[in-house]
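Following this message is one structure expressed as structure tokens.
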Amino acid sequence: MKSNRLLTYLQVTPLFLVLLFFVIVPLALVLIVSFFRYQMLVGLVPDFTFKNYAELLSNPTTWKLYFSTIKFTVIVLAITFVLGFWVAYFLVFHVRNLLIAIGLFLVCTVPFWTSNIIRMISWRPVLGTEGLINTALLESGIVGEPISWLLFSDFAVIVAYVHLFTLFMIVPIFNAMARIDKALLEAAVDAGATRWGVVWNVVLPLSKTGIALGAVFVVTLVMGDFFVVAVMSGGLSGSATSGIFNDLQFLNYPRAAANAVVLLIIVLLIATAIFRLVDVRKELVR
Amino acid sequence: MDGQPSGSGEIRLVDVTKTFGDMDAVKSIDLVIPHGSYCCLVGPSGCGKTTILRMIAGHETPTSGEIHIGEQMVVGLKPVQRGTAMMFQSYALFPHLSVLDNVAFYLKMRDVAKDERRRRAREMLERVQLDHLALRMPAMLSGGQQQRVALARALITNPRVLLLDEPLSALDEFLRLRMRGELKSLQAELGITFVHVTHTQPEAIALADMVVVMDHGRIDQADTARHIFSRPATPYVARFMGGQNVLSGTVTDTSGGVLVITDASGPTYAASASGPMPGAGTAMSFVVRRDRIALTKGATAAPGERNAVNGRVIATEYQGTYVKVTLDVASREAFVANIADDIYFAEPLKVGDEVTARWATADVHILERADTGAAIDPYAEDAA
Amino acid sequence: MSLPSQGRRPWTFYVLSVMFTLFVLFLYGPMFIMFILSFQGPTGGLVFPMRGFSLTWFDALFGQARTGDVGGAFSRSLPLALMVMVLTVLISVTAGFAFRRRFVGSGFLFYTAVASLIVPGLVLSIGILVTARFLGIPARWWFTGLGAHLSWTLPFGLLIMFAILGRLSPSYEEAAYDMGATRWQTVRHVVIPIVFPGMIAVALFGFTLSYDEFPRSWLTVGSLNTLPIEIWTMTTNVTSPALYALGTVTSAISFVAIGLAIGSIAYIQHRRSKRT
């Protein structure tokens, strides 16, 4: 069969155009704007200045916000990894009927296809001081008064993140585990490995690529988020992105852009570091 | 019938070469496959047989050379214009279409009306005895049934040449033998040319009127099955087809129509030959069929005795009607004798026994090409 | 010692099953609570107990006394999601075909698509807004908003098509070619039917990801809100179960979309494996 180069390029042009106008150019412009000046009442002034970066990096609030975000990221990463790994492990290795495994997997993914904001809001009547958990605890006499830190706190933020993003760990890990040849596990058992030994020595290393992919997803989602933190912490905590958000409210595009660039660099650094552990293209295209 | 070029299914390859990147898959091939014959291309993986098949089909284009089918030079023509049809190794039945629609696909591409094309597809399915499965989906068929559907799908195009890419490899042993017989009778019934690629020697000689043995992109020998087996042209063909022992030496005497070849390590061989004799000192190789060897206990070959070698048993393998006895005869290649079972079990041998192998001069067949000391194993990697 | 996949169930199976069940409860519980609370009686508040059972709050969304511009937001989110769905399928499928061969720039395009997934939505939102400003184009949900959504859905669609087309054996197309099908006939009668379930999955992602998309819509939709943005503003100023009612309605639409997609995929797979 003959290949048609022109056709190939035509086929890929729509994708290229969309990515060009809605990803490449915007990102380039963000970079450029980050060097502009912001003048009150005038707005953007084309210029080339590092002022925005200087202001940003010298402001202790910036560091506080980034620290807070990274703190959340690490905690959420740890929890989603443990949860995600064992859910995927259960589905792949403990559920024997393939159809049921796929069904249960779909059950886990369905919430992904509903609105994030709705899922977040739905925690309020559960975690609030008059919510389900507190009411149950009070009525059963376990506590004397409602626990206030369930909602509008770091705890609530983490619960929401785990609720929203564990799926991003489950899917790539599930994918990677499903590809493991069951014969390898049997060979390990033959060689005397305990069940835990099989997990540690066979399953975990072979799921590495899936774990890496999941980790990248979770990191970028948590670091890029501003609405979960805002709603679930009741405004008590900020995130790196909320700093950007604030600048946008005041129309200070240059400094918002500078902040965005810094955030982007950090996220890309982390992603590249994780990708170095795995050949992404090969994994995704297989 | 449908604008298909009818007529001769004779295939002629003229100086055909196919290069992939910097590798020659097929090098300057000349081949003539007669109309209506069953031709098997046989050789190990990578020898170029599938490439040749695909070039005849039109799925690959030769880098240089011509391919003629009947009166047409077909290079540059699409498969459907050549009067060829291909049966794929994996059968490639469309999973989303029923058996009937799979077979009718060719007719659908030619805009034949639905009722008409389904009727004709049913007729074709009847010919392969599968019309009761017409509405089933391919996923629910057994391997043998899938193959018959693939056949029906190919034959409905009314080809003059049917190309089969390792059609029996995916079947288990019993089914393979049965389908082999069916393919042979189908070809006889249709009278069209079949070109069948396989890596299994017994299959090739069972089916083919013409066997083409290939090695690293070249044809070593193209001949009838009997000649390929009993009178191989080269050491490679002899070793690949099996059933032969390859021996070598230099010519020491050519008088009286008898060619005497001596191996430096001792044994003397004799073969009858006619016509111009090679000069003394020429390196020569020959073969002796494994089932034409007689074994006697004890290392009794006298020095200078012709067509006798001493050896030591290193393995015996029971094969039902015969026992395969492998000997170490102090040369680089093992020597094998296939002894009929009643003869063997009259006086069985053990590993380590000293024996003498003898054979008749008439059973020695001289090869056209001497053994060069290249790899014995057809699957060995290229030295380069 | 037996592996989990053979013989008697090890004790870890029971532990993990419990864990899995708790996880599913964790995933669905809050939404379920919200569904119930959206039927709160007229005098009820945002939390339990339920004071009666009514549709008051649904009415508050769409009825006379409107809470927020829900109807308007719907009238934008739904068509937008449908447009994104159609475009995502068309663009991902054609690009997926292109990627079956190596071509100049394929690596660059691939990594750009992956980067689009990684970049925080807010950053991209800013970028697109600035781009629009520089080009003198106003931000509109059906243009800049559409593009912003596509930047999120296309990488997903592309990855799915890679997986599907990567598993597609080339022998099907060769067989079709062998039987005289033109390239277009092959695509239409062989390739697309075989990969159709994958295309449905791409459509599902396109629709739901757009319908629920928030960060990238933030600045790019212009002055008329999409539903997620409308919900966001309502979280701050609405203090009635109307918010829950909205959540129920919007989730219902998502479930319908999911059900249709998964149902059709299951139906197609079933038909291809049935006996007659």
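All chains are identified by letter, namely A, B and C, in their written order; residue positions are counted from 1 within each chain.
Please note the rule applied: contacts are C-beta pairs under 8 Å (C-beta built on N, C-alpha and C of every residue); 3 or more make two chains touch, one makes a residue touch a chain.
All values derive from a computational prediction rather than experimental measurement.
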From chain A, the most remote chain by mean C-alpha position: B
Core chain by centroid distance, with centroids computed from Cα atoms only: C
Whole-Å gap separating chain A and chain C, where each centre is the average of the chain's CA atoms: 17
Chain centre separation in whole Å, for chain C relative to chain B (CA means): 55
Rounded Å distance, chain A centre to chain B centre (Cα mean): 59
Chain B, residues touching no fewer than two other chains: 59
Shared-contact residues (touching 2 or more other chains) in chain A: 1
Where chain C touches two or more other chains, by residue: 174, 177
Interface residues, chain C side, partner chain A - complex: 1, 3-5, 9-10, 12-13, 16-17, 19-20, 23-24, 26-31, 33-34, 37, 46-48, 90-92, 94-95, 97-99, 101, 103, 105-107, 109-110, 112-124, 126-128, 130-131, 134, 147-148, 150-151, 154, 158-159, 162-163, 166, 173-174, 177, 183, 204, 208, 211-212, 214-215, 219, 227-228, 231-232, 235, 243-244, 246-247, 250-251, 254-255, 257-258, 262
Residue ranges of chain A in contact with chain C within the complex: 1, 3-5, 8-9, 11-12, 14-16, 18-19, 21-30, 33, 83, 86-87, 89-91, 93-94, 96, 104, 106-108, 110-119, 121-126, 128, 130-132, 135, 163, 166, 182, 185-186, 189, 194-195, 198, 216-217, 220, 223-227, 231, 241, 244-245, 248, 253, 256-257, 260, 263-264, 267-268, 271, 280-281, 284-286
List of chain C residues in touch with chain B within their complex: 169, 171-172, 174-181, 185, 189-190, 193-194, 196, 271-276
Chain B residues within the chain C interface of the complex: 57-59, 78-80, 85-86, 88-90, 92, 94-98, 105-106, 108-110, 135-137, 139-140, 153-154, 157
